[in-house]
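A, B and C are the chain letters, set down in written order, and residue numbers restart from 1 in every chain.
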Amino acid sequence: MRWVYVRLILAALTIFTTTNIIFFLIRLMPGNIVDYEINYYVGEMGWTSEEAYEFLSAAYGLTLDKPFHEQYLSFMANIFTGELGRSLRYGQMPVINIVATAIPWTVFTVSISLFASFLLGIVCGIFTAYRHGSKSDKALTVSSIVVDAIPNYVIAYFLLILLASEWDIFPMALAYDVTRVKPGFNLSFVLDVLWHATLPVISYTVSQFAGWALMMRSTTVSVLGEDYVFAAEARGLKGSKIMWKYVGRNAMLPMFTLLAIRIGHIFGGSTLIENVFSYPGMGKYIADSISTRDYPIMQGLFFIIAVSVTLSNLLGDLLYARLDPRVRLK
Amino acid sequence: MSQASLQRLKNALHEIYAFMTMTKSSIVGVIIVVGYIFIAFVGPYVVPIRLVGTFEPNLPPSLDHLAGTDHLGRDLFGFIVHGAMQVIVLATMTSLITTFLAVTIGTAAGIVGGKANAFLTFCTDVMLTIPGFPLTIVLATMIRGSPNMLLLASVLAIIGWPAQARSIRSQVLSVKNRDFVEASRSVGLGTAYIIFFDILPSLAPYIVISTMRAMINAIYSLVGLSILGALPYDETSWGIIINRAINQGHALLVPAARTALIVPLVAIVILQISVILLSSSFEIMFNPRLRDKTLRSKKKREGQTE
Amino acid sequence: MASRDLILEARDLTTAYGTGLGLVRAVDDVSFTIHKGDRIGIAGESGCGKSTFILSLIRLVPPPGRIIKGEIIYHGFGTPTNILSLPDEKIRRYRWEEMSMVFQGAQSALNPVIKIKEHFIDTIRDHVEPWKTGEVYKRTPELLKGVRLEEKVLDMYPHQLSGGMKQRVSIAISLILNPKMLILDEPTSALDLLTQKHIVDMISDICMSQNLTTIFVTHDVSLLAEVATEIAIMYAGKIVESAPVRDLFHGPKHPYTSALMNAIPSLIGEVDSVRSIPGEVPNLANPPKGCRFHPRCPYAVDICKGVEPSMEATGSESLVACHRWKEF
């Protein structure tokens, strides 16, 4: 159990570091955006310092006219209470509201994709490992390497062009069709959501699963050489049981060490993929905030994404402990 | 040049040639990458760009316009050619910075050990879990005011170095206890010598390969960021071409306008694939087991018996 | 020979690794008979083919090795069956139901992510009809007692057990389906001396009380002395002598066997009466012509260098492959 506490502390520290990074970037870095904005509002827009300070303080969740350490403390306190600032462009809408509407969509698509790509990767990995050295293995491995290199937005654009624009099988944008269904637990809404989510999910999954498959393949190949697999065969266990319970479960474990990086990558990829499909998740709002220079939104969402990634990693680690008794019962 | 060094040069060239022609994919990889580099550096002098639209808009690729035209009637091939240099130079710079950071921190952590190691490892782990791409977006927009290639490359390098540093650290840890390092130490050679002449050379293959991986990630981030409009741009940036195609050329709605969208995507994909093929070839070259298998099957194909 | 039934026969068994010029015959044209209730010890230097031989008996030679010649006739099914020609599903059942095995270094024979009891359950489930599995599983506590382990071991994971405990678990698992034959590959080599003694005692109890047909491969002389009824000596892929235990120890007929005896230090003998065997184990890809032992044999003569000796009976149950055995 001690191990769980260590992980929790690490997670907390990560989030803490992230908030510090944000503060550093928005306040401490020379030529930072807040100073830039102050100059803009006072210099070019003709506001008074007080007006500018008030507006920007609310926007960034700081207290700008106070000394730095007070700014830091007020910033931290605000984040803790969920005050992530206010949009500079959308009439001072609290960032937390935007997060609340966007987060479900991102978490929805990203988690399905993570799950799907992991599973697909495992199956493909085992499949190719068992046929290690054969023609089909070589062909699949080379194609996996190639697919892995293709950026996820490229896949997304191609899917969009082909399946949505050209062949009109899937919708081109958004999470659901506002003109036709009403949100709620009705079947038509759920189906519409799924239909709209298909292309984004496919994009994530295709761009991720090759990496999993290649990793699974190499861990499986080494597990296949282990004594306990040989012993299982000697005991006359059924091939399928050996493949899943003896080989699969052991080969899967090292992949969890990479899970952290991968989860970060998929959440990060959400900015680009949601942009392609105009899918109203966190990534899309970050993408929009770039062109509108709405920095509070960008920061707030970055923070939330960081928290989501950290929590997902924690979950992943807990899952790993569940699966590998050697970690649990040290 | 003396006879001996001439011979060594010949051997090196022969090795390089053997490596490049090792498998079909390595040949393809080498050709394409060299092709891109050529286009990037020589192309701009050969192919003109016109920022003002003088041709018919939304033309598909043809002999006149190898990459077609965009919605404003500008020749796309010229844009792609001029934009290639940005991509290649930036990606190379980024990957070099990433590798440098990763090697420095990873080696330091591995060699020094103890508290310093724990601290560095902790920092690396924390950096690993902070989602890289959104962080890069935040950073990139912050430096938008001062477009400086080196600064930009450093920003892009921020997401790559933790993962690489971690692998390097674990490799350093395992090499540290190997016999030849022990031998150097017992003869009294200093730490600096051991680092630069024992440890790093044995890590060299891995470093080369992960630099290539870093390049792929750099290209991904680079183009991704410019699609989002987060980077200082000019009209030849591949990501901007995509951005323009969608937002202004309405490529998603107007089939004819798709050329401007597809062409840069294809250019990116081909580049990524060839870099990956190249890195796979390096992997085969450095891993003697894989190399023997590949050479044997190559000889078999060419009719030599085992 | 009616009182002792045949249970397994190997005829001209040849198992090899590699291909073409590099073909290594780890087991070369070996023929051997095993009767019910026998406890046969196979001894020999490293690389003589003992492990390959027993792996061939359950048809589990790891690639790139394969059995290229011969038959293995099993008599436990009623009618003699060549197990080398059995289809995959039948051989899967044969393994563990008829013949089970305890491996060398059985420490790593256990799946690290499942509990000990799962190992038993998996084995039972894949062999026994679903309605009988509960019944068979009930034997487990008894088996564990037989190897001096407590029942609570079942709920533990492999990494929580010591090397000796894991070895004992492996022995218990090997008996769960009441096989007719048990093979042990160096059951004591990876353990410390004290544990070795315990394991030897255990194996001795189990085999003798259940009259189990046993084959064990070992260097351990105490194991051979205490448990075996018959010993077979292997050299360079061939069996060079086989005889009942007493006869072998007191009157070895093959020069290699006597050399091996001399190489074993005795507690009461003089230190310098221990002699190692000069020379090296031959390269199995290119073995010496004639008798394989001739380069290292102090009694080699011309015929030994040219003609391979075949197994000749020296008594009612002893065999030896040497041209000059009569002179010894």
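Quick note on the criterion: a contact is a pair of C-beta atoms (placed from the backbone, for glycine too) under 8 Å apart; a residue touches a chain by one contact, two chains touch by 3 or more.
Values in this document were obtained by computation on a predicted structure and should not be read as measured data.
Think of each touching pair as a link: the shortest run of links from chain B to chain C has 2 of them. Top-ranked chain pair, ordered by C-beta pairs in contact, is A-B. Distance from the chain A centre to the chain C centre is 56 Å, each centre being the mean of its Cα atoms. Chain A and chain B, compared by their mean Cα positions, are separated by 23 Å.
Residue ranges on chain B touching chain A, taken from their complex, read 25, 125-126, 128-135, 137-139, 141-142, 145-146, 159, 163, 216, 219-220, 223-224, 227-230, 242, 252-253, 255, 258, 261-262, 265, 268-269, 272-273, 275-277, 280. Per the touch definition, chain C reaches chain A in the complex via residues 58, 60, 62, 92-97, 100-101, 103, 105-106, 108-114, 122-123, 126-127, 157, 159-160, 170, 173.
Residues 10, 13-14, 17-18, 21-22, 25, 29, 31-33, 36, 142, 145-146, 148-151, 153-154, 157-158, 160-161, 164-166, 172, 260-261, 264-265, 267-269, 271-272, 275, 286-287, 290-291, 293, 295, 298-299, 301-302, 305-306, 309-310, 313 of chain A are the ones touching chain B in the complex.
The touching residues of chain A, when paired with chain C in their complex, are 226-228, 230-238, 241, 245-246, 249-250, 253, 323-326, 329.
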